[in-house]
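Note that the chains take the letters A, B, C and D in the order they are written out, and that residue 1 is the start of every chain.
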Amino acid sequence: MPSKPQVPGLVKGLGVTFNTMMQTIKPKKFGGGAATVQYPREKEAPTARARGVIALREDNCTSCMLCARSCPDWCIYIEGHKELAPPRRAGGAPRKVNKLDRFDIDYALCMYCGICVEVCPFDALFWSPEYEYSEPRIADLLHDKEKLGEWMETVPEQPELEAGAEKKKK
Amino acid sequence: MSDVTDLIDRQKLSYIAAQAADARLNVELETEGMTLNIGPQHPATHGTLRIIARLDGEQVIWADPSAGYMHRGYEKLTEVRTYPQVNTLINRIDWLGSFANEVPFILAAEQLMDIEAPARAQWIRAIFFELSRIANVSLFLGDLGVQLGAITPVFMAFRDREYVLNLIESATGGRFHPNFDRIGGLKDDLPKGWIDETKQVMKKLRNFCDEIETLLFGNEIFQSRTRGIGVIPANVAQSYGLSGANLRASGVDWDLRRDQKIALPYDKVDFKVWTHPDGDAFARCWVRLQETREATLIVDQLLDGIPSGPVMAKVPRIIKVPEGEAYVSTENPLGEMGYYVVSQGDLGPFRVRIRTASFNNISIVPWVLRGVFVPDIITILASLYFILGDIDK
Amino acid sequence: MTRSWSAVAPLSDTTATTETDVPALPGDGLREGIVAQLRSDIGAGLVDTLVKPGVDVWARVATESWRDAGLALRESGFHYFCFLSAIDWLPSPFGRGEDDPSAPPPERRTEIVQGYTGGSTRFQVFARLTDIQRHVGITIKADVPDDEQVVDSWTSVFAGADWHERETHEMFGISFRGHPDLRNMYLPTDFEGHPLRKDFPLLARIVKPWPGIVDVEPLPGEPEEADTEGNGE
Amino acid sequence: MIAVDLPYWAQSLLRVLGGTVAVLLPAGTIVYLFLFKMMSFMQSRLGPMEAGPYGSMQLFAEVGKWLQKEDIQPENADKSVFKMAPLVVLLSTFLLVAAVPFGPDAYFTDFEAGVFYALAVSSISVLGILMAGWSSANKYSLLGGLRAAGQLIAYELPMVLAVVGVVIQAGTMNFQGIVLQQNTGSIFGWDGIGNPYILTQFVGFFVFMIAVQAELTQTPFDMPIAESELVSGYMTEYSGFRFLMFFIAEFATAGVFSLIASVLFLGGWGIPFSWFGWTTADSVDNWMNVVGPLIMITKMMALAFIIMWVRFSYPRFREDQLQRFAWKVLIPVSLVNIMFTAILKVAF
């Protein structure tokens, strides 16, 4: 038996749960409310940097394979062909450019590390914070280049940096 | 104390004890002992650890953990990956404190390349290191309640851990697997307003620690369940290589953040390394609670002193690590986590030995589970605190 | 050890030890001293050492001195067992699996090059111990004979070596003399092969073709070029 | 008194219907109010919100889900015992509610020794739990069943002893008699609030509530279920309809025990008789047969709130600690309580 009398921890513990209950019941405008959101009706906005899904700007891609090679999971599949494009300046020779035939990312394999976005030298890949693209069939998680292109609309502006940060050279 | 560390004798003894217990039961009650399979699918095993326990009534005669249901072969996988690819892989070892997994590996690679990250990068690394400790251990504090039958603390843990995860996500982009650390620095700087937000969250986390302390640690039932249960003396703990809070709860004052030279600014902050003399389940839980609180204070100090400057040193675009070997370990949420990196001058490591905390922490289970009751198995496992990914690698 | 429900001690006895003065971080004098101590303990059993001043220390001992070295280090203050494992120094015959199946297989290095403190065998066991008083760690290695891959067990020196040796046994096929129970730790009992040996193929990288092979069709009538910007190496 | 005279079959029918309502209604209310909502609020969440307004129809959805689930029986289970076990547990709840008075005439049966009867039938559920634990052919269930048996027997005793104090003070074992005694009694001559025994028998009340908590196998005494140790103890192998019966029994018994506790300690259906100038049971107005059940429900809810509040806040004991607590603390305390009550009864 404890030698000196004190408020038993059992009673204090009851107080904690009771306070939490009161806090949850208290209306939102008085600083109360639940910690959860009712998901399909309310949604929490992901941050601008969130790695939700990879978006592809097809025009920038030169099918250089850097992303496919740096992918730890081997989940990017690229095929392309060479094409003649109109010259940059009038009178120049027509340029040879690589055109994409296929750019697939298998999201069933992807582990969202972001290495492909980082290594891309031509700014063709971006992160979008969208996350609602689950599929009933696992094979449907293979997004082709049209689908990846659609995600481009959802790519947000990157936020400013915290004080003391050095400006990016890029 | 060679008798406790002498494993062969110990196993023989437990075998003899099991035989004797069976024989006694058979003679007196005409019953036999029971073998209880706890796991691989069991609410108390945090995943898929299996514990084979030989019971006499509710008392454990011997228990043998059987790991490997989630072995992913990381040491093999690292051999076919480049350094940046390994970095994203090892996020998944201790998935509750992912960022902390990256730090020792990156530090080992930096040691081999003989480069050092800029000061700002080191400070931000230390901040995230502590944030992942908070994210990890706060869940432990909640889960502890569930293991002991109290359902409410875990929801409080998830509620307040969410704030930390949001912080990590807003800066790194990944809630669980940040992959933010790079050889030579960090992927990016912090977004604007992050520091103020973090300070607010740290206040909430301290409040959470208070709540858990009142709800759980001050509870007489909780104390009677954990006090004196699963006592691990200091010499046994060292001999098994226990680390982190498990070691400190046995009275060993050893914290890699303070006690080794490492390229993280822990020498610039003032913090206390909590120890407890008892070595029982309560001590382990209590030390973790104090560490969580201490981590919020460390984060506050780091946020105040964060230097300005770049977050990335000059490193070649294609990283080749020169030949050599390095072992770097840090005080991760679960204990000492280290990477022994052997490089042969290639794009990827030649061999990486991953020293995870939980593997050693759980190897003591057969020793510590002898003679306890079935509910104590759960208490002791919960207090040793393991993450399956950290055992199985 | 009390199990009585009522014998609950109040929270106030949760005393924390006072923060001890952090000793000066060890310099290389300390590590040289460790090596000297080890040499005097096991004599000729110590084959080679390497001290990186202020960073770390490596020591390689003869195979038969493996257990003695562990004992000697434990006696000299290295009470804390960190880990034990092995290295297969054979270069992988499979590379990283990033080969073009249509091209002839590339030349690969086949000679064995050991790391710090040298060695003469394909396999080496190595372990890491820490001295908590002196704040210093040591990596200790030993060759594993090529013909009979057995070394002495450390389980009677450090209890924690039990699981590490089991893991090393299944992953590398190295046996430990005196280990009570070399069951598989991770792998199924009937698993064949030793996955961490370099000549054990990582099937995930073999059954699937590497998607990094440049697959750009040339303009009609043009010869296929070697990839230019793709190969960054 | 009720003026209409019903034939026997109609009375029986009414009693069966009333009993079903008296078991299911509190169970449903407790589950929705406390298990769904209060627990969620205590954990900073809202709980079920989709089925019906504020999730109030959630329980029907759950029942529907359970009813359509497959009724699985383990191959090695003792099938007939396995099937019977939930029925036995539920049966004890129905038997228990039969003794509870809801109003001056609103009762199912008015046993002369109602207290004795209630305490006796409440231990039938132990049989069901033992049957479930044994017949499931599962080691976890067996351990859970054994724990339950030990625990329920250990806590039966303090419960009985706690009630003995009330019986001594009231001088009757009839529930109606106890209600009357409390509402017509007086504390030191002041009869403003009658004499609810929670004031004079607070030790008994305390012991009784702890024992109820243990009888209901609610945290901190939920080792027989102990989902983090024994997965779900004796309920591990049950699914579908049979699990539903266990589930209903658990919360219905919580309700019924709260009713009994309110009869024994909180004055039951009555209000202090002095307010309306009643003196005996016969002089009570007829409208109390309607108001009485409402009062009972209110008191029951208050007690169930405490039971559930404790359940959601505490970790659980270990089996040996629980036994020690029962035999070394609760039983001596209640014995001392009986002694004091007896002395005071004789003295005044």
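By our rule, a residue touches a chain if its C-beta (ideal position, glycine included) is under 8 Å from a C-beta of that chain, and two chains touch if they have at least 3 such contacts.
This structure is a prediction, so every number in the text was calculated from the model and none was measured.
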Taking each chain's centre as the mean of its Cα atoms, which chain lies farthest from chain B?
D
Report which of A-B and A-C is connected by more C-beta pairs in contact.
A-B
Quick check for you: compute each chain's CA centroid and the global CA centroid, then name the chain with the smallest gap between them.
B
Between chain A and chain B, centroid-to-centroid distance (C-alpha), Å:
28
How many angstrom between the C-alpha centroids of chain C and chain A?
36
Please work out the Cα centroid separation of chain B and chain C, and write it as a whole number of Å.
20
Centroid of chain A to centroid of chain D, CA atoms only: how many Å?
53
Which chain A residues reach two or more other chains?
10, 13, 16-17, 20, 35
Using the touch rule from the top of the page, what residues of chain D touch 2 or more other chains?
42-45, 312-314, 317, 320-321
Contacts with 2+ other chains: residues of chain C:
3-6, 8, 232
Please name which positions on chain D make contact with chain B in the complex.
39, 42-45, 139-140, 143, 219-220, 222-223, 226-231, 312-321
Within their complex, state which residues of chain A touch chain C.
1-2, 4, 6, 62-66, 68-69, 71, 74-84, 96, 98, 101, 121
Residues on chain B engaged by chain A in the complex (per definition of touch):
81-82, 84-85, 88-89, 91-92, 120, 152, 156, 159, 162, 166, 169-175, 177, 179, 187-195, 211, 214-223, 306-311
What residues on chain C touch chain A, complex-wise?
6, 8, 10, 98, 208, 210-219, 222, 227, 229-230, 232
Please name which positions on chain A make contact with chain D in the complex.
10, 13-14, 16-18, 20-21, 23-25, 34-36, 38
